[in-house]
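What follows is a pair of complexes built around chain A, which joins chain B in one and chain C in the other.
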Partner chain A sequence: MSLLEVENLRTYFFTPAGIVQAVDGVSFEVDAGESLGIVGESGAGKSVAVKSIMGLIRDPGRIVEGSVRFDGRELTELSEAELRREIRGNEISIVFQDAMSALNPVFTVGSQLEEVIVENTDRSPSAARERAIELLDDVGIPNPDRRIDEYPHQYSGGMQQRAMIAMALACDPRLIIADEPTTALDVTIQAGILELFDEIQETHDTSIVYVTHDLGVVREVCDRVSVMYLGRVVESAPYEELYRYPKHPYTQSLLNSVVTPDEILDEINPIGGTMPSAVSPPSGCRFRTRCPEAVEECVHVTPRARQVGDSHTAACLLYDESNSHEEPTLREITNQTND
Partner chain B sequence: MGVEVIMSAGSQQTGDTADAAGQPLLEVSGLKKHFPVNSGLFASITFDRDADGFPITRDDSSVKAVDGVDFALEAGKTLGVVGESGCGKSTLARTILGLEEPTAGEIRFDGRPKDEIPEAEFRKRSQMVFQDPQSSLNGRRRVGHIIEDPLEGAGWEKARRRERALELLEQVGLKREYYNRYPHEFSGGQRQRINLARALSISPDLIVCDEPVSGLDVSIQAQILNLMTDLQAEYGLTYLVISHDLSVVRYIADRVAVMYLGEFVEVAPTDRLFTHQYHPYARALLSAVPNPDPDMPGVSSQLSGAVPSASNPPRGCRFHTRCPSFIIPDGFTAEAYDGYDRLRSDVSERSLDPEVNDVSSALETYVPELASVAGDRRAALESAVSEALDGEWDRAERTLESEQSPCQAEAPSLETAGDPAHEAACHLSFETPSDADSGSTEDGRR
Partner chain C sequence: MGLLRYTIRRLLQLIPVLFGIVTLTFVMMHALPGDPVRLWLGTEPGQELADELIEAHGFDRPMHEQYVDYLVRLAQGDLGHSFVYNRPVVDLMWERMEPTLVVMGLSYLVALPVALGLGIYGAARHNRAGDHVSRFAGLAGISTPNFWLALMMIYMFSYNFGLLPATGYTSPFVDPVEAAVLLIMPVLTLATAQTALLMRMTRSSMIEEMREDYVETARAYGIPERKILLRHSFRNALLPLVTIVGLQVSTLLGGSVIVEEIFAIPGLGRLFFDSVIEQDYSVAVGVTLFFSTLFLIGVVLTDIAYAYIDPRIKYD
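Up next, the complex of A and B:
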């Protein structure tokens, strides 16, 4: 059994403009000590998927179907109070992209860190301070005994993100979810944070779910990767396997669009067009409107994840011989939860 | 203005057409842009009881955002400027276009000093594309009208403007029907296409692009970069591209300048810069970019500490406080030199460690590794400490100064490195670029 099992998760947002099918039938697993990258362009539903795990979806959003099992326990059935008491912080913690807005500007970094420790462990306030200094030291903040009493604005962007990671580590969670934690940082600062994630995984044996749009970052941090497109996982594989043998046409074109400083390409071949709206996504395969391989069948059949290699799956009719399954309609899904 | 300038600018040029290739369209020399930390007379005055004489001092410190930049950009070519946030690259772009008044230096456009070019002509021949397509397009106006703006400024009549805008929409990969739509109806990539159409409308020679694709998804980034290259080929455009993203610059630029704290530290043709970096900062920046290819080396974070303040940049080479290849003078070990540095900083602040009471205790406190220091260096340290203890601070400071590393003593200037078109500003010798055996660092460097 994996530590985290997400199965057929659907998270919709019920807006006046229509139902946004942000996450629509997503499944993935994370083993203990493993790091999974979730990669995709903006609007793919990566953030919504990981926030659903933590029960952080707010109105008008709702998990309409599917299950999230953590260590065998069904998280979608827990109440807000149970999630807060038993899961968030001490079992699963999350690091967001924008550290400055996640830290409270009127309290010192130390007091915020100590609060988390006192809340979630049975340490005394003075022991919590000691632990806080230790954590700041662990995440590479210089002179932690002095800097613990500083306010967030006195920290640089990279330091703020390190402080957030210290907070996420405070209660020794078994899973850390990182939602684009380095996107706003300079590459030189990002490099240090990526090394820190590697270190955390090694020394604490923590599982990591790392959300990013950058395949280079996935390569640095993750063992496996799931590629998302418009609310669905289109391909999953160990990172190297995915890079060398991409199967899904979307993954292939994503890899073709990447520019790197290490090679000069005469011409990049990006995917044409833009991602359609998640309010009225294309029927059948959602990538078909931009897919160079699309055939008539793609309009009618929703491809399911098929084994295409060693622990490598892709959801594309190219690899699906028995394509005679039917997806529930939107009406069926939303009615189900309203009952 | 010199006679030769008139000849070169006037002989083959008529009206707005771009110059023949090979001729610099844009030349910048000694360009500086400083922003005062306190603006206005009253904000800059502070009461200072310890001052000699009248107890009021004026704080005239300034943020040196751009501090002495030189380059020449040939017509039809692309110069990419890369650097971390806060290095001054955006200020450089804005100053060149006249959105900021330069503090010092000269900008020449098409062979003439920019000051002598009528504002209307310069506006017509240079355009800017900003980073954030969301906020750089007025949300209440139709995109057709936005694209026509520069034409209206140039006095085009309405029907001709409209015809041109429709044409441009097609050229940047949009549809003529979009003319009457509003910016919010478009995605980020499409909005950047609209920005490009607006910049192109007046057929400028120079387009300055400040982070043209940051914030866009990779596939959209690639589309915009391809569009920019196509437009350049078609209209002979000259680009100055500002970006924090080395991959973007590698794809689009002919020449790349690496900027750090207001200065260019390395400038080279794109192919060369990405294969031979001489400046340690350029090397560190490049090694921090994640590469998806598992066969390529992974990232390494070589830089410690944060970018120093641009209002008080480090003396000597501005990068020396973070440099992984800092040159330690002969006769010092790395540890002993750190001790020397601490002593020097205390001497310049006129206060030694309170536990120090004589020469030997001072040396013990600051440089415990004294035994490893070469004889003449040790003698200099001893005399500096005794001068400081005698209260002769200035002499002590001078004594210490003569022992310092070249990286602190002198700011390196851009010098040719390996190839006539390749320049770097570093005290290291330029014989061993990064792609050579990296294990062969010479003695005396940490």
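Up next, the complex of A and C:
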């Protein structure tokens, strides 16, 4: 049994402009000690999917279907009070994208850490303070016994994110959700944060769900990757497998559009078009409007996740029958036609 | 320490502002048409008596001389002499100060907790029935002129039901019970608009803060909703509220003139009103100066409060 099993999760937002099908039938699993990357463009529903796990979706959003099992326990059936007392902070914690605004500007970093510790454990306030200093030290903040009494704005961007990670670690959770934690940081600082996540996973044996739009980041921290497009998971595979043998046309396009330093701009192949609105997504396969491989059938048939390799699934009609690595991958084919 | 130096600097900056206010009030009072001495004496007494008074108060001298004279005495803490009451203005104001400060202070004491409580309640029940009711009450409170409210209260509680005395003042330090009965209507009149405005500000400020990312963080870390509302959001929502509370000093001062006049409270507001009508120059300028100082101190206190509430604000 996996630590976290998300099955057929649907989270919709009921807005005056229509129903936003932000997450529409998403499934993924995370084993204990494993790290899963959730990759996709902005608006793919990555954040909504992971926030749904913790029950953090607020009005007008709602989980309309599906199940989230954590250690065998169905989280979607828990009350707000149960989630608060038993899950949030102590079993599952989350690191947000923008630490500056995720931390309360009018309280010291220490008091915010202490509050989380006191709220979720039976530590006394003074023990909580000791623990907070220890945590800041663990995440690599220099002079933690002094900096604990500083306010978030006195920290640099990278340090704010480290403080946020300290909060995530505060009550030894079994799962940490990292929601684009390095997107707002520059590359050198990003590297430090990614290392920190690696270290956490090794020393604490924590599972991590890492949400990002950056495939390079995924390589650093993730064992497995799920690729999301417009509210659905289109492909799932161990990182190496996905990188070498991408099956879904979207994953292939995504890998093609990654900028590497030795490429010149002309050689990058951005994905044509823009992602359609989640209010009225395309019928059948949602990627078909931008897919180079789309055929008539894609309009009518919603592709389901199929086994295409060892623990490798893709949701595309191309693979409804075959599941072999022997055939040339679509990426190779598209590369040939480009030459 | 930066804050102390900042405070001193801000207080020193008040001096030119107050100087401007004194000058303006002085000029405007003296520019009023009519003869204050005749106004006060009536038409009966002879010209001799009038001349004597005019000379005694220096009204016969050129205005700039009177002005310089006034400033010199002001610098020595002398606000001049009221010719209507034939007493030093300082003594007169000192006597009248208590009722005004009591009414104003009490109306703040009523307005602040009620406004903050209702505002936070409205934010917590955002867009539900309780919120709509408190919002409507707030709008009604803001829209009601205080003189109308005062008259309606007198009509209802004094005239119709005979529950409360319509006018008068007793010091709460002398007879608290009688004072309480007399103060209910004036205090409520002054507090209503304050409460309503502050309540709506609290509500919108809190609603804004509850949408901030740090609220989601607090929720994600199992902090109870009540604590998020009262600790996390409220501390952040306080900043714009402090500004309003500081600026409302001026509304209260303006309101006190009306309320004291209607409820016959012998306070500074009424003294000011009468002094303008009777062209009692020194009194009018003196009360204006005092009111301005109160307001300006309110503004400075607001700025200082910022530093305590928001650690991001630095003074140097």
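Simple rule for what comes next: the second predicted complex is superposed on the first by the 315 of 339 C-alpha atoms of A that agree within 3 Å, B and C clash if a C-alpha of one lies under 4 Å from a C-alpha of the other, contacts with A are read in each partner's own complex, and residues count from 1 in each chain.
Methods note: a residue touches a chain if its C-beta (ideal position, glycine included) is under 8 Å from a C-beta of that chain, and two chains touch if they have at least 3 such contacts.
Since the model is a prediction, treat every value here as computed from it, not as a measurement.
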So, after the overlay on chain A, do chain B and chain C clash or fit? They fit
Which holds for A:Leu9: it touches chain B only (first), chain C only (second), both, or neither? neither
Touch test for A:Val301: chain B only (first), chain C only (second), both, or neither? neither
Review point. Which partner does A:Val30 reach: the first (chain B), the second (chain C), both, or neither?
Key: neither
Across chain A, the partner (chain B or chain C) reaching more residues is B
Return first, second, both or neither, reflecting whether A:Val187 touches chain B, chain C, both chains, or no partner chain.
-> first
- Query: Given the touch rule stated above, what does A:Val217 touch, chain B (first), chain C (second), both, or neither?
  - Reply: first
Exercise for the section: Figure out whether A:Arg85 sits in contact with chain B (first) or chain C (second), or with both, or with neither. Expected result: second
> With the two structures laid over each other on chain A, which partner does A:Leu317 touch: chain B (first), chain C (second), both, or neither?
Replying inline: neither
Can A:Met167 be said to touch chain B (first), chain C (second), both, or neither? second
In the overlay, chain B and chain C get no closer at Cα level (Å) than 9
Intersected contact list for chain A, partners chain B and chain C none
Counting only contacts in the complex, chain A reaches chain C at residues 54, 56, 84-85, 87-90, 93-94, 96, 98, 101-108, 115-116, 119-120, 151, 153, 164, 167, 170
In their shared complex, chain A is touched by residues of chain B numbered 84-85, 187, 189-190, 217-223, 225-226, 244, 246-251, 270-271, 274, 284-294, 296, 298-301, 303, 306
Chain C residues touching chain A in their complex are 212-214, 216-224, 232, 235-236, 309-312
Note: in the complex, chain A contacts chain B through residues 41-42, 156, 158, 186-188, 190-192, 194-195, 213-220, 239-240, 243-244, 253-255, 257-262, 264-265, 267-272, 274
